[in-house]
């Protein structure tokens, strides 16, 4: 028997449907369908007796498929599929026709509403007609995780996962883990030393038996899906063997190359061979290939000569490593908005105009000035400093539309730190308004204003430029309504937080979406805030949105918990609505291979082959194939074709 | 209306039986005139165009004896669009039917002779009316022997009828490969025939089944001494009209729907091999 | 004129399951009223819409065809709507080229949060279709 | 100028050495002037090969046939097959290679440059000659020279050349194993897409009037798809029963074919057929013009493909047949593809 | 009945045929096509691209419609062609020859109601060829002639400024009577000129089938000739040669469904042809005419052997359409000549 025996169950939903749809007519029309063997209407199909009657009807009438015409499938598809299963038929032969949200609730006219409800129901009946009974696909889970990004978010997530006994690979693109937090001096609202909190965690991570640390490495390719990812990682050569390196610093002394030090945000310089920070993990030097004179003893070779530990090896080559993991946490962090985009703020070309991170480095005991606030141009103590908030943030017209969330706080912190270092100095803060939601945050800002005597000016800075050895800041004080002109020794810009460089690429590689601002997109803003749209990939830290350390750590913990929960299962079940190739029709043109966003198709012997574990059932392949040689199960071209027909009958 | 050769009569399905189940399923349908009365007269070997409205038409051999007037019987294998629709029918459904088409077995010339029926797979249907007619007029013929083989025991159609047939004629059933509980012949039909050594004297052999089987059956019969004009078979070519007009079933100058489907090997042998 | 007022365009709306279909659910939950002319067909992704569906819908007499999915960047399947954008652009250009009124085919991005926008898209489409009258150009004639 | 002897020598040589199993080229047809496809399998036949303005066929179609025959016979290809290919034909081969229809080493491309003189449009010629029957056509610099009963007739090539040759941007087979003739790329005789642009300048109503007239006239002989090397699907939307069908094909699969269009040559069905074809050729058609030449009722089908070609080029920066690697037009996208039509 | 018509008055004759729908060749989109005319008809066409067979055997013919409500028996409604009377002007002799051939197919054995209904309502006013209009003509080889009247009801011969009008059938006479005084009696000179024009037309050189009478027998023994595959190698399997042919008659029958519940639709016949690869393909995938060689052989043999065996005449009328329009130069004349060339 190929013809289906379908049951159609028309729900009144009280009066929710029945008021504007003639449910009796819907049932009657459906009875006229060739395949329909049974119809029933009922006041609340999803109620206990309603569900029972569905089960009973399936058994009594030997139905092999059902259509429930009711509310959105998001609400009760599972309910009725479970009922189908309970009645002994395959759950995938149950479909929902949504005649409430998409019909009765939005059309008052009963005649028109009924017509549309009939069309919707009929199209679903025709679809069910050709539904195949399917079983969910079980996939084994690889009990390992990967964390991408070794900032505080990544470190925390990796530690949490590792402490649960799950092996973790942490991939960091810089030569050291630590991220931005390692650049900070003291942190709000407690003003405890950033490195003092972070360093122990970094060391713990390094020593953790369940953690595999891969610094100076980047993710290149991702295949597979939740439970079974295969990640290709490029390990860049450091040319220094970390196990041999004694941190003697002899090499830097002889290296003739001097380049700006990006870890000090160009406030200082470094050599071609260098160590980012004293606390770097792994504790080892790195030879920067791009600036080295040629990795060649004939040309230079000074460092190699001087290294007694014989740690330097010019023959190191990039290495591609493949790691199999079951889940991934992405914690690639943030960058500051590029000053070059802001000519009104000097475009990064005006001396003594710093960004927040540079200021952090000036305050940091391990920083360029050994913790003394000296202005870069002349190394003198600045006597008046202007802090400008919201630089690049909250400016939909020209820059970033969003609020960077932490600038109010760190500017307040900066003002305090400044006052602590230069008690006789004058601090001005330009702000639009103060956002200090957080435990102890409001008090912290108040302290800045009151105890530390910082002048808060409400208003925007319109321009700044170099004037008589100072930086002239032109702005308005909107409270007094007056223009303000300050000749400052130093200006600190609280630049907007933007997704770190390379976020676009990593999102592409991982096939996770980004939001309109370019941050990694969560699956649902409220209910799934740490999950990406792709199963098995989680988000943590500033890569997802601007946030401070406590929030970052909380999110990292949440992501870790998700990973642990996922990997505690031995198998996962995936919906079976995936693509299927008709080899007889496939010519092996490979267009589906290119179209598939999940790399789920490959060509073998001139035919396309779908990897069941990877296919998400999006259907891009079937719409691209010119030969109708590939179809998504239960959403086949024939089914859509017949649904179209039904809609226009 | 009856002058319009393309307009089918309506027939009601009175009875449906599963013959073979599985991917190449076969069902038997008994069709009566929907408005009472008789559909048409036919001869053994003729076919009819059956249609399911909205799905299309198919040429199908009439599998019931001409002696039965009140219905026509058809055995249809599920192979495609129209045949699948047939398999979805229920008793009482109304279909279209036009015919009868084609020539017939010259049964009257064969009275007083030995008849050997050799069928394979779905090929029992076209010769079934001949078998049942001969059995009904048993006295007119000498020995009647039926060889029939399926791939497996589950592919044997008309199982019950064949068992009943044993009462009046020799029936030899075979399957391709040995199976538990099968006490008949195991092997291919052409070999099964050789096994029983049919005698060519005053005999006619009628064979129908897959082309490859027919080919070897004929070879074997020839070997046994059957002359070409003692061997009969039927051929199938794609047909649309059944009336020698749509132009696709011809073998040489003859349209199979008119001059066939029944051929003696003496004739068929000399036609181009386009079937 | 009155004929045109009585005329109710028949629209087939291919809605992506994740965004536009959810958006239409939201319109329902919010009880936003809009014309009943469009019959939704939920598909996994706009990327799954074969140009054949559009030709077929017109062939079967649709007065308008709507394809609606997630905004660029929001595709549940990451790239589906990018692929769809290209295909739909081509089919739209082609239809327009042979002289089908451009307003008969529409594509929109409606997210799960845009119930009101969904209603608006349908309302606008139906408004734009009404003056065009029934679509006869591509429709299969029933009798010949 | 191409010396036909070079092509013949190449063919003869390769066949003699067994380097190729067949050379697909052109020879003089039985009914006079027009060339016809030739399948040369022995060195002695090589002298049958010709090259003249009537060599309009896109022979890459026969590479497709060859693959189908091999598949049917379940045979491996063995030695490669050589083919004479013009610029547009060579681009067709590139698309076929891009779609993995065969491997590069399976085909030996004997490229011939059109050198800016293109090939003949017989319809244009007929209107120029007013009933005089030419028996031979030849290239001579920028002219075509026809032999007729009334003596030699010389016509500037551009007056009787096929439209697509006039508009051709790359009259040189970039992909080749050996090539004859000069690369005159850039010598473009008419603005590309000129006819298309003129057509598009008309209003919706006018455009519909013209196309509906043509769609009414199509008799669904399918010459357009049969002659097209890109229309190689084993099962086309218009087919009833098809080649992928074998003994193994299940009844359900045969019964459940989508019936996108009816067999009847009605306007609606013809539109669905021809638009489907245009969609399927978007990014794949290399404008060899064979479909339009073959159409027995002169439907300007090429314009549909041209339209797609221009969209691909202008909106998506895509050039069909430009390279063997890379994704097809509809299997790829760019982040900044136009989306202004989306609401 | 033989008359003379002033060329300029042909429009008046057409106008006088008000009981009939008149069609004549018109040049449109670069090809000649039969089009309904009300007044002006210029008969200076070489030949039409499509043959006039569509008047009796249209590309799409509806047999009947069906309608069925679930659970009830279907209702069938026969749909016969409208009884409109058509006159087709300007039919060339080769196409005229096609008419009796089509008659044979559709009335032999059993009568095809749709064909006969249309046939009895069509009249052909032929136009003799003073000179074969195309280089691909070969009517003389297949029992035809540029001045044949077979299948025609009236024959026109172009005498410069006037037509020589000759009735061939009773219908033809009726058509001529309708012209009334427009038609005048021919003078002796007219008769003489017609004869001369006809003689010259027949004498004009044409392409030749070398042994048309021997062809059926020779083709029969050449069934397995390797030439078929060789000559069909370039064939693309389109429908041009057969769709344009005045005598190709193959068709397909399909159900076209307009609505599924309740079921509504029509059973229709459409042109089909032996060159389409799926034409004879069985449901199993087995195809008795598997390759282009077998299909070319079927077309040629049908025209020059099978039809001849059945009806004693070649089915081909020498119009040359399949030769001139084949996109890859497959030439039935060359094929027949080549296959029969060395056969005894």
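A few notes on this one:
To keep things simple, chains are lettered A, B, C, D and E as they appear, and every chain counts its residues starting from 1.
The rule is simple: contacts are C-beta pairs under 8 Å (C-beta built on N, C-alpha and C of every residue); 3 or more make two chains touch, one makes a residue touch a chain.
Please read these numbers as outputs of a predicted model, since none were measured by experiment.
Graph distance from chain A to chain C, where chains that touch are one step apart, equals 1.
The chain with its Cα centre farthest from the Cα centre of chain C is B. Centre-to-centre separation between chain A and chain E, using Cα means, comes to 71 Å.
Spacing of chain C relative to chain D, judged by their CA centroids, is 35 angstrom. Centre-to-centre separation of chain A and chain B, using mean CA positions: 69 Å. Centre-to-centre spacing of chain A and chain D amounts to 48 Å, using the average Cα coordinate of each chain.
The set of chain A residues that touch two or more partner chains comprises 2, 595, 624, 637, 641, 645. Shared interface positions of chain D, defined as residues touching 2 or more other chains, are 241, 245-246, 249, 252, 254-255, 257, 260, 262, 264, 266, 330-332. Within chain C, residues 51-52, 56, 79, 83, 87, 140, 144 each touch two or more of the remaining chains.
Chain contact summary for the complex, chain A toward chain C: residues 72-74, 98, 100-103, 105-109, 112-113, 115-116, 119-120, 123, 511-516, 521, 533-534, 577, 595, 597-598, 616-620, 622-624, 632, 635, 637, 640-641, 643-645, 647-648.
If you check the complex, the residues on chain D that touch chain B are 241, 250-252, 254-255, 257.
Chain B contributes residues 23-24, 78-81, 83-85 to its touches with chain D in the complex. Within the complex, the chain E residues that touch chain B are 63-64, 66, 68, 73-74, 76, 78, 80, 105-106, 108-114, 223, 249-255, 257, 260, 263, 265, 267, 269, 272, 274, 279-284, 286, 288-289, 294, 298, 302, 305-307, 309-310. For chain D in complex with chain C, the touching residues are 200, 204-212, 215, 237, 260-262, 264, 266-269, 271-272, 275-276, 278-279, 282, 304, 307-308, 311-312, 315-316, 329-333, 335, 337-339, 341-343.
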